[in-house]
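What follows is a group of structures, each given as structure tokens.
The same chain A turns up in both complexes below, where it pairs with chain B and then with chain C.
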Partner chain A sequence: MDSALIPEGVKRCPLPKFLFGLAIVSAVLLWGVYAMFLCWFKGLNQTNMNDYYGFALWIWADLAVIALGGGAFFTGLLKYIFKVDELKNIINFTVIIGFICYSSALLILAIDIGQPLRGWFIFWHANVHSMLTEVAFCLSCYFAVLTIEFIPNILENRQLNKVGFFHHLAHNMHGVMAIFAATGAFLSFFHQGSLGGVAGVLYGRPFAFREGLLIWPWTFFLFTWSAAAFGPCFSLTVTWITEKVTGKKLVSDKTVHLLAKISGWMITTYMVAKIIDTIYWATVTAPSMGFKMSHFYSNNGFYGYWILFAEIILGGLIPGLLLVFKGTRENPTTRLAAIILAGIGVCINRWVMVLQIMAVPVMPFDTWALYIPSWQEVATTILPVAYGIILIALAYRYLPVFPQEVELNTPAKTAAE
Partner chain B sequence: MIHDKKAHKFGMVIDLDKCTGCGSCMVSCMSENNIPFKEDESNKLDTLTWMRVFKLTNGKSFPDTEVAYLPRPCQHCGGWGDHGHSPCVSVCPATATDYGYDTGIVSQIYTRCFGCRYCMGACPYKARYFNWWDPKWPEGMENYLSPNVSPRMRGVVEKCSFCYHRYQLAREKAYAEEREIEEMEYQTACTTACPSGAIIFGDLNNPEHKVTQIVKPDPHPDAMNKHVVGKSRNPYVFRLLERLGTNPKVYYMSEREWVRKAGDNYLEGEWDKKKNHHGSSSSHG
Partner chain C sequence: MFPFCFEWAWDIGHIIFFGGFWYAIGILGAGMTFCIGKAAYDTVKGGHGEHH
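So, the complex of A and B:
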């Protein structure tokens, strides 16, 4: 029924089956949308946030999706600026994943603020000293860049591409994409960094505070580095999921191995920097404010040293090293374990840098505060996942996202390989 | 008299040995500043308490147990080096909270705040509160609201303003009468309500004011921590979390050593060192 829209030479499931799958995910999406409207119309009392937990699940989700979406800017940088041509086979998909992540982040921010209709004040009454101002400007601009990067792929739809103007527009946009990739990398450096800066500048919160370079705390650089390192792992994870769902090989092993190798080295070097930062913070910064490291990991029902281990060893060093060594990198099982662990690791880092900061007592007579999100918070956090699945499903069905798909799924060629 | 030609630096000192924990300061603050309340105020994690009284104990068992009460308004921090970059002011993305260089008061512009709550995360004293609900009062009580203080809408952050409207009223009256305002003309609601006289409020820049005479603020940066300015030269006076360099304008006073120690975090042995070297004991920086 919709075959005229499907890219030439590829096979897609029957439309009813596709619509059935879409309906299930849409139901989850509607649940999230319902919760979103509850928050907008009834206010943030729909959440379990409180005055100790001003930042909670949403801000974590916001930071996490932005880190995971970091594959878009970093792959773009490698492909268009450093001319790593092999990555052309996955660049479309990383852009779509980035687009989903960043649009989700903006949506989450729109739900999270107490006065959504005043959201534009962040631009109008901008405080140049605030890291959040930098986040807002860079995030919005980079989302615009991602949209520009996504447009040529949309215009390559079989029917749209028949329109001469769209065909030429897509062609010419591809031609100048290096400029947007460079702009995107520049903006990403600052918005990923400023998200790290959001926590690092809090000199009233010894768990978060970091010294740094000029106006930027070390977390500024660590966040950029980690997004570039872990983002590609998420792109590979989503690619793997898409391959399993569709039952097709979509990206060649050569491309996957290359991206995994780059990610592995980025993660490993990042972890070295992160460990140095943690040791310096634990032995110099926090003690100078009167805190022993154990203060941040004891006397409460949840946050213990296990979270530090999970972030740095389990979700950092182990996946990094698994991807660095050729044997484990090219073994599908260990590679899969590595990219999943890496995704979990960076999410734990963002969790720690948002929620644990809020939980730790600073005044000696104050107590730890723990919180469990309400269903409205959970639903609105799942909402972007459902939205992402829908967008990927539509893009996969109607756009030429994977340039190698035909080649990799032609029986003769596959056999020859 | 308050010297208008020089910038004010309003602050207070709270004598914790006089505070009985009666809560008059909290009640007067709520009444003065049109603070709404919920039917169930038992969950202190989401109630609006600009002034909150914390209960401190010395951690010893009977019969050595001692208790102190610590009223905690907004600390009106001057920030690192006392330059006005308070923890909350520097992070607010929409300039909805500002530092008054003429008064030292940290303001909150309710109609500009869009409720991101970054300032709440930045404040180590947890002195900032979010309006999770629409403001509501029991029927008829709206008639008792103060016309000098604007009620806040749902979705914005609010906090103690050192009863800034009282300063405005005193300043306007003094201006109309072509004179400077007197020390007792501008006093916060909590100060005037405290039955034991534990709260003393005034201009820390005016040596004639009682608060300045008690605190004896050191105008020079602390020798051991360049971020700390205005440290008290009175051995019984301290500030909450002074080592962070937030430079609050709320000082506390107690003759009890354990109470003074409870005002900040110390590693093992640091407190004894501080006791022996009062005035130059901070190490951060």
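So, the complex of A and C:
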């Protein structure tokens, strides 16, 4: 029924089956939309945020999707600026993943500010002393870059591409994509960094505070580095899931191995820097403010040393090393374990830097303040996942996302003929 | 946001923040204007263009 829209030379499932799948995910999406409207119409009393938790589950989700979406800017940087041509086979998909992550981040922020109609205040009445203003500027502009990077892929749809203007527009946008990619890398460097900087400048929160270079705490550089390191792993994870769902090989092993290798080295070098930062913080920074390291990991029912181990060893060093060594990188099982662990690791890092900071007692009369999100917060956090699945399903069905799909799924005999 | 808004001050903070902001917007706007303009020109000139 919709065969005229499906890219040439590829096979897709029957439309009723596709629509049935979409309907299931849409039900989850509607649950999130319902919770979103509750928050907008009834207010932020629908959440479990309080005076301790001005930043809560949404801000963690925001930082996590922005880190996971970092694969888009880093792959774009490698492909268009450093001319790593092999990545052309996965760049469309990383852009779509980035687009989903950043649009989700903006949606979550629109819910979190409680009054989305006043979202434009951050531009009009900008507080130029706030790192979050820089984040808002760069996030919005980078979302515009991702939209621009996504447009040519949409215009290459079989029917749209027949329209002369759209065909030429897609072609011209490809021609100057390096400029957009460079702008995107510039914007990403600053907004990823400033998200880390927000935590690092909190001198009233010894768990987060870090020294740094000029006005930038070390967390500024660690956040940018980690997004560039872990983002490609998330792109590879989503590619693997898409391949399993569709039952097809969509990206060649050569491309996957290359991106995994780059990601592995980035993660390993990041972890060295992160470990040095943690040791310096534990032995110099925190004691200079009157705190022992054990203060941050004891006397509460949830946060223990296990979370430090999970972030640095299990979700950092192990996946990094698994991807660095050729044997484990090219073994599908260990590679899959590594990219999944890496995704979990960066999410734990963002959790620690958003929520553990809020939980740690600071004043002598304070106690640990643990927080459990309300169902409305959970539903609105799952909402972007459902939205992402729908967008990937539509893009996969109707757009030429994977340039190697035909070649990789043509039986050898047919290809020889 | 604009120099004619009452909150605007000609200080280093505004110049750096908004300088970077308008610089990025300027590049994106100029890039898209070029692409759309050239696509319109190519379409009027005729032909379906080369494949990429």
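General remarks:
Following the convention adopted for this analysis, the second predicted complex is superposed on the first by the 411 of 417 C-alpha atoms of A that agree within 3 Å, B and C clash if a C-alpha of one lies under 4 Å from a C-alpha of the other, contacts with A are read in each partner's own complex, and residues count from 1 in each chain.
Here is the rule we go by: a residue touches a chain if its C-beta (ideal position, glycine included) is under 8 Å from a C-beta of that chain, and two chains touch if they have at least 3 such contacts.
What you are looking at is a predicted structure, and each value in this text was computed from that prediction instead of being measured.
In the superposition on chain A, contact of A:C141 is made with chain C only, not with chain B. Of the two partner chains, chain C is the only one touched by A:G164; chain B is not. Judged by the touch definition given at the top, the superposed model places A:M358 against chain B, while chain C stays out of reach.
By the touch criterion defined above, A:L187 reaches chain C but does not reach chain B. When both complexes are overlaid on chain A, the residue A:I179 reaches chain C alone and has no touch with chain B.
In the superposition on chain A, contact of A:G114 is made with chain B only, not with chain C. Judged by the number of chain A residues each one touches, B leads among chain B and chain C. When both complexes are overlaid on chain A, the residue A:A126 reaches chain B and chain C alike.
Where the contact sets of chain A with chain B and with chain C meet, they give residues 124-126, 129, 133. Taken in their complex, chain A has these residues touching chain C: 123-126, 128-129, 133-134, 137-138, 141, 144-145, 148, 164-176, 179-180, 183, 186-187, 190.
Within the complex formed with chain A, the residues of chain C that make contact are 1, 5, 7, 11, 13-14, 16-18, 20-21, 24-25, 27-28, 31-32, 34-36, 38-40, 42-43, 48-50, 52. The touching residues of chain B, counted against chain A in their complex, run 43, 45-47, 54-56, 70, 80, 85, 87, 90-96, 112-118, 120-126, 128-134, 153-157, 240-241, 243-246, 262-267, 270, 283-285. Touching chain B in their complex are the following residues of chain A: 43-45, 49-55, 112-116, 118-119, 121-122, 124-127, 129-133, 136, 198, 201-206, 287-292, 295, 357-358, 362-366, 369.
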